[in-house]
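After this come two complexes, each holding chain A, first together with chain B and then together with chain C.
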Partner chain A sequence: MKKIVVACGSGVATSQTVASKVIKLLKERKVNGVIEAVDMKSLDRTLKDKDIVGYIAITKPYKEYPVPVFNGIAFLTGMGMDKELDKIIEVLK
Partner chain B sequence: MELLSTIFQYFLDLGAAVFVPIIMIIAGLCVKMKLKDAISAGITLGVAFVGMNLVVGFMKDAITPVATGMLNSTGLQLDIVDGGWTTMATISWSWPYAFAIFPLQIGINVLMLIFNKTKTFNADLWNVWGKIFIAVIVISLTNNIWIALAIASLQIILELRSGDLHQKTIQSMTGIPGVTCTHRTLFFGCILYPFDCLLKKIPALNKPINIETLRDKIGIFAENHVLGFILGCIFGVIAGYDVGGILNLGIKCACALMLFPMVSKLFMQSLAPISDAVSEFMQKKFAGRELYVGLDWPFMGGINELWIAIIFIIPMIFIDALILPGNNMLPFAGIINFSLAIPALLVTRGNLPRMFILCLIGAPVFLWVGTAIAPYMSELARATGAIELGVNELISNSCINAPVFTYGFGQMFKALTGDFVPLIVAGGWTACWVFYSRYLKKETARLEAEEKAETE
Partner chain C sequence: MREQMFYEDLILLDLDVRNADEFFETMNGILLQKGFVNEGFLKAIKQREAKYPTALPTQPYGIAIPHTDPEFIEQPFIAVARLKHSAVWKLMASEDEGEVKVVFLLGFKHDDYHVQLLQKLMDLFMKDDFSNELLYVGTQEDCLHLVESKMAI
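Up next, the complex of A and B:
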């Protein structure tokens, strides 16, 4: 199954908040996909997983990543959320 | 009334893994969750408690012999187990009145927005536990719930003020508009600020350093499994284990540090629907008004200097623990110390040499405060069964957020029994906060002027 990761400082609070929110929104739109909260420190290692098709960042990305990067802040503030969700769904299809 | 308190007591005696989920399900239904979803979230919360208990128990079993070994071989008494912030959050959520902090935070925030006392909406409902944490410390000293709620309210107000004051600085450093950080961890900045004022006067410290690639090179040492393994091996050496024992302890410690976040994110999973409902309510209520959305700190995690400082703090806090008088804690699960690195980052605006020196100055505070609050957190853990502890076992955290504020305001009521130290610390913190606020206001004005000049 296609997987998207969200990263925060320790992979516990902020990333899981965003992950839970995206999971809920995907369910409402009847789209399948795994959203997983991970630890920013291990992000590079995590991204080597071939199932991962996207990375939801809650920071300004400081370098290039091998997968599409989405704006996670949108899911925390609600601003521009639908647009980011559409992009995520596009990748998961 | 008698009957009510008997029923209440009955539920409390069932232990945190049962009564907190019951409260959670009721709270979920109050924010209009479906019964099915509320029960699912409740069970997940119970699983989080039992899961954390398993991991903490495993960690204690691995590390307690090390502390004993160290006592025998070196005479160092480091018998307080460092469970990190995830353990503190677990114990905090087990406080019977924990969920009362949600309406308290939202209520205060709404009032302050209506009366234009803040521009920030604190959307970080996970860190409600930080208010529970200080309330728990207050209540174990005063046994008075109203005083505990008053101190928690003070923290809620200060977090919003801090969000307002830091917004421009954070925006200019992260490049992310419209958000700010409402985490109490920023409170420690006011203690570091006077030192930074002195350091700014030394020209050698104020040259820019290029660290673009450094993060990728040394970052591996901060990954949980690698860090846990290294720490475990060092513990083994100090405790005088043989090679097999050292390597085994290394793997066990790696396991503990890897499992902590895996289990504690279950707390967030179960609390997410409540947090969601509140955010949506606030966004609707204040739609059309320009607000800063207050978030937990990780949106600042894109700044490389932060990670370099965090890695620098690891050996430093470890060495401090061995040589610092008045410390009884062996740093472990709290050793990734954001609580020190973030305020240092914001105060210096990312100047690494000054960050390093500020971290050096600040580190002992975390060990002392961790030692000081250990009895209170251990007592609550025992009372609610959130974490199983033996009679003489103590648990704490080596990266307590806002340590000076927490110690001062959490324990100031000790003055009633003749111990005036925490009260004096609270006064000192307040003075530093006023001083630091003035600087932040000036910074805000400066950055706003810059913004204006750019758009014109």
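Up next, the complex of A and C:
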């Protein structure tokens, strides 16, 4: 199954919060996909997983990534959230 | 019943700080004295905030959710601070600075319950009524009731 990774400093507080928000929103839209929260140190290794089709950033992206990068802040503030969700659904299809 | 996370004496209304560093120094004094954090906390939270800033450009005002590694937390807590004047704070996932009016300082251990609390808080931040009530609540006790009732804990 296609997967999307969310990363924050510890892989606990913020990334899991964003992950569960996105999971809930995907369920409402009846879209299948796995959202995985990791810490920044594990991000590069996780991105090597062939199933990963996107990265939701809640820290400043410091380089180019091999997959589309989404704005995770939208899921924390609610602003621009629907637009970001549409983009995520597009890559999960 | 779940463990207590909010404490009346960890609610600060109209705290007079100008920026994140001043905020951390003030809070560290309180938290250390009450045994919520250990000696390493101040340095750790400052470094963490510099590397991964936590201010959110929420409406009607900005909110910051600073947190650091569990090893510096002695007793889990969420401290709530409403600032007297909006303070300059670096925005999450950005090089830009924003302004925050309210800070939720998260003293989390690795615990699913804590993550659930943060999820609830984030849902509240998306609702204007909570943000507005927080702005006008008059006493620490009222603020504690407001937060606990909205969080349904």
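The rule we apply is simple: the second predicted complex is superposed on the first by the 93 of 93 C-alpha atoms of A that agree within 3 Å, B and C clash if a C-alpha of one lies under 4 Å from a C-alpha of the other, contacts with A are read in each partner's own complex, and residues count from 1 in each chain.
Definition applied: a contact is a pair of C-beta atoms (placed from the backbone, for glycine too) under 8 Å apart; a residue touches a chain by one contact, two chains touch by 3 or more.
The shown structure was predicted, so the numbers you read here are calculated from the model rather than taken from an experiment.
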**OP:** Using the overlay on chain A, decide if chain B and chain C clash or can fit next to each other.
**Re:** clash
**OP:** Examine A:Arg45 and indicate which partner it touches, taking first as chain B and second as chain C; both and neither are also allowed.
**Re:** first
Original post:
Counting residues of chain A in contact, which comes out ahead: chain B or chain C?
Top reply: B
Original post:
Between chain B (first) and chain C (second), which, if any, makes contact with A:Thr77: first, second, both or neither?
Top reply: both
Original post:
Regarding the shared-chain residue A:Tyr62, is it in contact with chain B (first), chain C (second), both, or neither?
Top reply: first
**OP:** With the two complexes superposed on chain A, say which partner A:Thr17 touches: chain B (first), chain C (second), both, or neither.
**Re:** both
**OP:** With the two complexes superposed on chain A, say which partner A:Cys8 touches: chain B (first), chain C (second), both, or neither.
**Re:** both
**OP:** Would you mind checking which of 204-212, 222-230, 240-248 or 294-302 on chain B runs into chain C after superposing?
**Re:** 294-302
Original post:
Residues on chain A in contact with chain B in one complex and with chain C in the other?
Top reply: 8-10, 12-14, 16-17, 20-21, 40, 57-61, 73, 76-79
Subject >> In the complex with chain A, residue positions of chain C that touch it >> reply: 48, 51-52, 54, 56-59, 65, 67, 69, 92-95, 106, 108, 110, 114-115, 118-119, 122, 125-126
**OP:** Name, in rising order, each residue of chain A that touches chain C in their complex.
**Re:** 8-10, 12-14, 16-17, 20-21, 40, 57-61, 71-73, 76-79
**OP:** Using the touch rule from the top, collect the residues of chain B that touch chain A in their complex.
**Re:** 86, 123, 126-127, 174-176, 178-179, 215-216, 219, 222-224, 261-262, 264-265, 267-269, 272-273, 275-276, 279-280, 283, 293, 295-304, 307, 336, 338
**OP:** Write out the stretch or stretches of chain A touching chain B in their complex.
**Re:** 7-17, 20-21, 24, 37, 39-42, 44-45, 57-62, 73, 76-79
